[in-house]
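The letters A, B, C and D name the chains in turn, as written, and every chain counts its residues from 1.
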Amino acid sequence: MPSRGTLSVAVVGTGKMGADHVRRIQRVISGARVTAVVDLDEERAEALAATMDGCRAYTEPVAAMAAPDVDAVLIASPGPAHEAALLEALDRDLPVLCEKPLTPDAASALRVLEAERRLGHRRIQVGFMRRYDAEYAELKRLLDGGELGRALMLHHRHRNPSMPPWFTNEMLINDSVVHEMDVTRWLLGQEITAVTVLKPAPSSYAPEGMDDPQLVLFETESGALVDVEIFGHCGNGYQVRAEAVCERGTVRIGDEGGPRVSADGRWGGRVTPDYLERFADAYDRQVQAWVDATRRGEVTGPSVWDGYAAAAVCEAGVSAQREGRRVEVEMIERPAFYA
Amino acid sequence: MPSRGTLSVAVVGTGKMGADHVRRIQRVISGARVTAVVDLDEERAEALAATMDGCRAYTEPVAAMAAPDVDAVLIASPGPAHEAALLEALDRDLPVLCEKPLTPDAASALRVLEAERRLGHRRIQVGFMRRYDAEYAELKRLLDGGELGRALMLHHRHRNPSMPPWFTNEMLINDSVVHEMDVTRWLLGQEITAVTVLKPAPSSYAPEGMDDPQLVLFETESGALVDVEIFGHCGNGYQVRAEAVCERGTVRIGDEGGPRVSADGRWGGRVTPDYLERFADAYDRQVQAWVDATRRGEVTGPSVWDGYAAAAVCEAGVSAQREGRRVEVEMIERPAFYA
Amino acid sequence: MPSRGTLSVAVVGTGKMGADHVRRIQRVISGARVTAVVDLDEERAEALAATMDGCRAYTEPVAAMAAPDVDAVLIASPGPAHEAALLEALDRDLPVLCEKPLTPDAASALRVLEAERRLGHRRIQVGFMRRYDAEYAELKRLLDGGELGRALMLHHRHRNPSMPPWFTNEMLINDSVVHEMDVTRWLLGQEITAVTVLKPAPSSYAPEGMDDPQLVLFETESGALVDVEIFGHCGNGYQVRAEAVCERGTVRIGDEGGPRVSADGRWGGRVTPDYLERFADAYDRQVQAWVDATRRGEVTGPSVWDGYAAAAVCEAGVSAQREGRRVEVEMIERPAFYA
Amino acid sequence: MPSRGTLSVAVVGTGKMGADHVRRIQRVISGARVTAVVDLDEERAEALAATMDGCRAYTEPVAAMAAPDVDAVLIASPGPAHEAALLEALDRDLPVLCEKPLTPDAASALRVLEAERRLGHRRIQVGFMRRYDAEYAELKRLLDGGELGRALMLHHRHRNPSMPPWFTNEMLINDSVVHEMDVTRWLLGQEITAVTVLKPAPSSYAPEGMDDPQLVLFETESGALVDVEIFGHCGNGYQVRAEAVCERGTVRIGDEGGPRVSADGRWGGRVTPDYLERFADAYDRQVQAWVDATRRGEVTGPSVWDGYAAAAVCEAGVSAQREGRRVEVEMIERPAFYA
């Protein structure tokens, strides 16, 4: 089936995550544009819409979804607002990307699930974005590949420098550990069957009444054991790590240096096979930077002077290579034009 | 100045790099589309154009640049064809991103330089994409920051698993080491003044007549000394590394684990400060994947079942946290619909 | 108090560990010699004693301890034999280094403890050798230093490639995890107050009836939480790691690369400050190798030819440095004598 | 041939290195003792001799070598004094360990070489101690093993935090780079045939008149190319690194984390195979510490209390393991005796 044209997206919720998704759709990725933004705060929605050609502001998701120029919905509003928006989108058979949590509790999630089943085809993707992280993807590939045998244990570390003051003990589970719940289920291809939470004496930097850090234990259908260190106020950077302990080796991600496998008496990682992989991001950023500057009417990046200088040094280099001696580079003086 | 609308780009040359740039503009980055592809091989150009709405094929750059729906040109044809295309683009005052080399020698590069100066404003960016690599950018930032003092030496390593059979000794300089020439000039903010090339006994895996590896030495205006190991047939992966030796410390990039600074009696790197930086790529890939699947009429990624399961595990987790005991997860059976 | 002369040691038990301690005392460390070896297997004891001047074999610890040329006792017999030997040594007021476990259970350990108290001064050191490992010592120093705040959690990993066939579930605790028990107590300066053992579905490489791996949890007096992954059949190398999670940072040991601190937004380690520290082991090994070879009547290691060649290259190097040019090394032909 | 008894060593020169070797022989290694110390500074020699039983002080090497209780000589005096002492030792057919340099120049080294040839058997070992470093030894083993093919290039880094004020340009070669000269010859099994020295603009922290850093290039018999960065005032710690670039892979030592091989599309290192290797140093240090303390009449290290506590925790652990529940540890109160 051929691709449709550019996808017209309504972004529901224009807080930190919503605004970031708007930026992403408009400035980073290809094939979509934002044609509607929705926020209870009308002014905020209007202000954001005004930065984009052909984008309208709404205060109600239902109104945005009814607009003729909306093909799909990205929900980034607070969790309690998700159920209504999701049901509305299913009613209209619109594709949805819904920030996690799907809904704040299992009962409401079940209502959404039933609605999608009644519709008869999947329309909703949940925003568990770790599945799109290169290292988690590599870990999944290694586990699925089977060379390391079955995964027996997972050790997760999830550390934040600090948490906002309104963060609660429950939110450590619902907003933070929920990511480890999802990647555990995804990595192992199994459901979690029981949970235990252990609380050491809290850090003196944890807010009054918060048990921080905690060690959360999961058991899974086939008996794998999973521990999650969740630390909300580690006072250092943001650290997300995982180690899979398998029958024939271990894999660690989130450390410095990419996935690290330990097996067969060796530890280490993969050497990037070629320049297109090694510099994939650089190529993408280069062309994006060129497009962005050009659209602003500007020229940035390496100039003709840089191209000329490289050519002059290459000529000296090839002479030096041929003649086996030191060769001085000959160049014109740098024109003020390229200063 | 507000952004113009979507940039319409003519891609000149549809070989490996040109085709990859087409993919990048159409599928990865935002704000541009390909409206023209140019190749002497008419069939190849037609075939590629046919995959994109509103894109025409040409055999001559001049014809594509004359088209009313072309705002900018990306040149990815062989080096000898660059000069004519660049001069044509300057004549038409079109913005250009030109794959390296700008032109194959200094004399022709100088003619392009003169033409741009006559035009009176910059229009050409050269494709030295390493400047857009995150690690090189961090190295530049550290050198410019000045805490490590002046850079005294740079050690570069540039290793390819192997080279195509038509690769020559001169191409090791012109096509490979040229990258180190540019990043050296850019990192140090200085011109290179002399070049020496040293040749150890070649590897037995190097083709007959090729001196591989080589050690290329640069001297710069202010007396910095730069060595480049260029190894075309290292038989391992692709490895690009650089180490700056400064007055008060050293920085290494391209190894496992991101930029590594050694100074003040410590070695190490930066901890990612927050989740938006740590998972920036995952967020981008997630939304791109959703847009791409939606445009194909598909649904992929985490499902409502995943959202429901996470909610159920969270509920068990919060109970376990509150009650200080192991809590079993309660879930409905997985519907076949989500199998 | 000035040092006594060379210490005369009786080694009780001449199995794997006992024989290794004999080698260590005779060949590696200074200030002691083995004057008695004890083993129920008389032939084994005799054979070992015969390799050392002035060493006698015994079948009973009591007889060895009564010998006039025994100043101290190293106990490396099986655990059940320890109590009797320890009580005998205390009776004779002899210094003891006792391989772990002190005794196989708490009741017998308490009897030894009471005997030492009655004696009125300490005589017994227990062989928890991890306290002498450079990385554990550095971790202890960092925790005691206090810059990272209080330790909230410890994560231990203890993996063996495989276990002997007679190893039992209980031995995973008593012979393996006992090391983590001791280092936890030592690192935190606290007693352990409770233990929990969790068992994932075992590896298919674990012997019938053994739960392998296991996750052992300790709670400590001040509420620190400690987890130990014990894995007896990991199928890879021997891996012992620890990570301390403190209020202001984390420290990891046992990974590649020495203690790694993560704090203040940076991760990394210490650069060795000088050559005496960097090459301390090389200096020790060099002189030991020279002494050993000389005692065997041999000469090994770098020769006069190596010293001459270095001098010749140095002369070329200093000329090259002074004159700014390539200087060839002048040497005589290598005499057959140094071939 | 059976080992002789304890080797009686005369140490010539009691400066920094000489005193350290005395400490090493007396306190660290086995099988030797210092029976003579020699220094022009009579008081210093006397003071050092007085710390050791059966050790005499001398001001002339010849007198010490004539003493009946001297079996071997360790020369750690300044380089210009080496030739006379070496010739004297050869005259007396005494085994020698001579600190580098053998002698200060090639002509005098040649005289020593001729004297040893006339003697007809080797007696002198030169103190190039890097050959005894575990990582250099592993690198040598890997190069000799041949799996990586022939070594094409070596990159050495040799950085000191700073140099004493009397250090000269020539000493950078003769006292520092001389180590890279020796390990290059040893690692490659070839002589060095030519040397070039390149000097970037010096660091502003280098003393007036010193070119620091420098890049020293060696060529070898079979055409390998070697570069050495020597940096005397790097302002950071002491860093000695080497990278061998071979036909089928590279090996790096001196970085964090032990020898690192990059080959076959993977980078990484070896997992320690067992606990005797992993904790070899800890075992050695433990027994040395016990011997040292015992000779001082002291008891240090883990106590009976530690042994008892471990036994008590083990009992709780085994119960917890058997019963699948949290088990509290039962212990007597810690006696003041073990406080």
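As a working rule, contacts are C-beta pairs under 8 Å (C-beta built on N, C-alpha and C of every residue); 3 or more make two chains touch, one makes a residue touch a chain.
None of these values were measured; they are calculated from a predicted model.
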Centroid comparison with subunit C (C-alpha atoms), farthest chain: B
Pair sharing more residue contacts (C-beta pairs) when B-D is set against A-B: A-B
Gap in Å, rounded to a whole number, between the CA centres of subunit D and subunit B: 45
Separation of subunit B from subunit C, taking each centre as the mean of its C-alpha atoms, in whole Å: 49
Geometric centre distance via CA averages, subunit B-subunit A, whole Å: 20
Subunit D, residues touching no fewer than two other chains: 199, 217, 236-237, 239, 256, 262, 265, 267, 269-271, 273
Complex contact set, residues of subunit D against subunit B: 149-150, 152-153, 155, 159, 198-205, 213, 215, 217, 222-225, 227, 229, 231, 234-237, 239, 245, 247-250, 256, 262-265, 267
Subunit D contact footprint on subunit A (complex, rising order): 260, 262, 265-271, 273
